[in-house]
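Some structures are shown below for you to check.
Each of the next two complexes has subunit A plus one more chain, namely subunit B in the first and subunit C in the second.
Then we have the complex of A and B:
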């Protein structure tokens, strides 16, 4: 039996800003159920990698392939099939019926005109339609608009301060659940987020911009979890946090992983990252220079010298 | 006639100018909101907004004489009511549609261009709209049907507050309250604020920025449409250049209040209305504009972000 397709497969990715390419033929794989970490120095391209996967940074070459689970496909179809316009107005369905009738007009009796008109009508009816997902298909994320990628179950917790500064903490969390259509589930998840980070509940009516750096980081993580991701991209979650909170966050990451969330973790704190991860990649100036199991990397003398400060 | 004259004379004084200023100011505020919302979301000063307002008033003028043929306040109240209602529904719709179309055709392809490029094209759109207006209704000011009574609602107080004034307040205040509620509490409103504050993060949580921007243009346009109807009914005269002057006042109001800030635009509009009226009364009409812009300069010297604009750029 062949191995199942990896959850995420990045192949020969190039991305950058302006004239500068930050990533050079970067390839990596995240299998379902794994915690994978990318370690590397400041400016190596770690955040760019995550942003390219989420579609916030345009890729220049290469592919980002993603295989959504059956569960994602089902919930996506239930919530988004056809988009708002198709589900709620009834106009597209009506137009499609008209199209079918037009397609039956005999060619000799004006069908040569009616049929193309009907097809144009049907095309118009499906405008803005969210693409239908098919099981066992791999989706090329870098051809999908960024705002649809979250709906496929990929969610990023961006590096500090990328929260909405003038929305309250509660509104920030609600925005994290923007793609969801189950208000009760969202409420339950907001309560869960408060359990995870009690400080957020204390500050729920404060604007996000007034939180401390560490609190903003917690908010960013909590917000990313609100979309119930299958693949969580974490950008420097330990940045600016007190050590005991860092430990707590990595515990949460492990716990989420046990619940079936795959994690791609970008960290400068290489020791912490390698301790929770299954596998690791070493990124140097936009190139993957090294990859292995995380515990092997932890004991590799080169890694120890360069990234673990020994 | 004599009585009316005497009444308005007696109504002179500080309170009267203040009242008039507040009424006019709420009108400016309505236009200013269109500037401020679009700026808040894509940092574009939409210079064409004032001219959209002008086209809206031309459109409303057509509605006054077309379906019911109501041109004076002597017509049956029901017909006037229906006409005004029709104007207040169709003009905002038309302006919203035109604004969204402009964004789709002209600003959207320039979304990633330098800011200056977009601003210059906005100035271009402003001229196009103005010339469309000129072509449509000619260069001479046109009388807008005088549909609403000038009778004083509060006789005996020494002040004058007519049905017309009431109409302005009765339209603008609920509109602004509805806008505030919409932006504060609805999912789309929150998505708008989120996109304005951090477009990249908004995409990360699954907000379709294009749709949010289109909605912003639609709302801004609709507000200009409402303002156009109210202006026409209140001032009773429209011309193709009115978008420039009123747009400039409204833009000033938006900057004064802190551009990108919705309560700021309302406050700025009211301040400009009141200052303009008081200036006209005590310094003479020719000094009124100088006073308004003088105050703008002084306020911006001490509060560069405007009265309510605590808007600071977040660290990236």
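Then we have the complex of A and C:
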């Protein structure tokens, strides 16, 4: 068995709100094809971890490294070559030409002034630009803005579901595919979502806010899948749901994983999470205190006592 | 909604036909022209408040900036002497640029705080206009604004040959020519916004208004979307300002661009129906129409009817703010979503109606589909 390739590597991550640090030197790895779960009590920093990975919360130290697949890189490059300004105005290109000219100014003839100005100009031109991706390279997610991380194949289904309550189910799904530029593929994926969650097709013209909790959770997962993620971040999918629906949702997570989506699952319902996951991390007040294979954690007496209520 | 789909084109057709009617008067037509200008302004504000949900309380400043840009570019006092088309486009561009520059630093503020800063911006802009004597001539305003309509066309082209009756003017900036121009612009803006609502950008704005965190998880860039909305709103407000200056042939007293105007516009948008174009136009016609046209008509009528000492109190124009306020309170109590609500707002404010609708649909589908799964679903929820 070859060593699994790390898809996501979080190293010594620190993040927080205001004066408070929530995460303290947190490290974890998600390998391609795995379901990894983070279990922990309220306020341990589970959601903050996911939000830091997908760029919604700014990180303070440490790195989040991500290795996109070749396929993602190709579609990303095709859709975003050069960034919006370059594609629509050509201004950055022009500024870079100016910078190259300024860099040739002899130092004695004002080059000492012109060169830094040129560099600043080039930096300005690249601001907000979509990074150029190269294959077989890792990308540091915490230097990429949240809306671009989605395009790299990392998609979050946020805590509390956060569906768009006044958009219909169909419109919610279409918003999930906002980053995509292939209408036919999007239509096909909407049909796939309906196959996976038949209830959504029945409700497709109803506003999302009128769905029941379980249906909203399904919608949130389906919406997160619309961007065709390689890594799905699931935040508390069982929150506030009836046990029967929870089982259903976790079955779907397993099914998705079989189709090749790696999953990072954050849960308070530790028993369910450990049953579907391959590996688990235990998070306590912003620190990873324990990690092992999921079945080992499930039988570990300390875990059983603290998180499984025995 | 089928009624709403036809009444707007019908209203536009009726307004376009008005100058050809024998009862048409130049004065009334000029009042209508101003009404159209305010409708454009309300649509501009609707982009910011209705689509993205940013409560902007300084829209009058962009209106003023637009008017004064046209003033500076056309009055004899300055050497620029541009045509109205150039000046109006410049007005939109300048307003949009000021909108972006003043909003970019405050995008992180939410809700009330954003509203307060924009309110402050509106006040600062008003005082700047009033006190920049060298550019704006202070409270006198810039005048006369008598520019040619297009580059290379003189302002004094005689249109007397096209006159239908004595009410029609002889210059392009007189009734009914400017009336047609501004009505056309209002129609153009309405069409533009209709297409925009259905575009990717329009969808993104709605999603952003619904939930900012979720939208950034979907790959939307909230900062750029908000700036785009403010730029478009401010640009359209600047355009409205340009038409205002042209219709009045002066920038008028800067007091016309004060906080009251911003607030009245917010009222127009909310009265008509936040986020709904037809509603916003209707709301503006009702509010501004009442304020500028109906009060005068009622005043004259009452003064003719009564001939006693009490008639000094029978001036609707004196009571108009009370009528205004009462109407708004009644409105908010009984129809908070506005006269013609956007369907999404309707759902939010009257959940019982749409829930019943949804349940009926679900029952129908359950009857048609597999009853087993449907029952299980309902039990569990």
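The rule is simple: the second predicted complex is superposed on the first by the 257 of 310 C-alpha atoms of A that agree within 3 Å, B and C clash if a C-alpha of one lies under 4 Å from a C-alpha of the other, contacts with A are read in each partner's own complex, and residues count from 1 in each chain.
Just so it is clear, a residue touches a chain if its C-beta (ideal position, glycine included) is under 8 Å from a C-beta of that chain, and two chains touch if they have at least 3 such contacts.
All figures in this text were calculated on a predicted structure; none of them were measured in a lab.
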Is this a clash or a fit when subunit B and subunit C both end up on subunit A?
clash
Examine A:223 and indicate which partner it touches, taking first as subunit B and second as subunit C; both and neither are also allowed.
both
Tell me which partner A:171 touches in the superposition: subunit B (first), subunit C (second), both or neither.
both
Counting touched residues of subunit A, say whether subunit B or subunit C comes out ahead.
C
Can A:242 be said to touch subunit B (first), subunit C (second), both, or neither?
second
First (subunit B), second (subunit C), both or neither: which does A:209 touch?
both
Tell me which partner A:198 touches in the superposition: subunit B (first), subunit C (second), both or neither.
second
Contacts for A:14 in the overlay, against subunit B (first) and subunit C (second): which applies, first, second, both or neither?
neither
Does subunit B (first) or subunit C (second) touch A:295, or do both, or does neither?
neither
Looking at the overlay, what does A:96 touch: subunit B (first), subunit C (second), both, or neither?
neither
Need the overlap of the two footprints on subunit A, from subunit B and from subunit C, as residue ranges.
54-56, 145-148, 150-151, 155-156, 158, 162-167, 171, 174-176, 178-179, 209, 223-224, 227
Subunit A partner contacts - residues on subunit B that touch it in the complex:
187, 190-191, 193-194, 197-198, 200-209, 314-316
List of subunit A residues in touch with subunit C within their complex
54-56, 145-148, 150-151, 155-156, 158, 162-167, 171, 174-176, 178-179, 198-199, 202-203, 205-207, 209-210, 212-215, 223-224, 227, 242, 244-245
What does subunit A use to touch subunit B in their complex?
51, 54-56, 145-151, 155-156, 158, 161-167, 171, 174-176, 178-179, 209, 223-224, 226-227
Which residues of subunit C touch subunit A once you look at their complex with the stated criterion?
200, 203-204, 206-207, 210-211, 213-222, 344-345, 347-348, 351, 354-355, 358, 361-362, 365, 369, 373, 376-377, 380-381
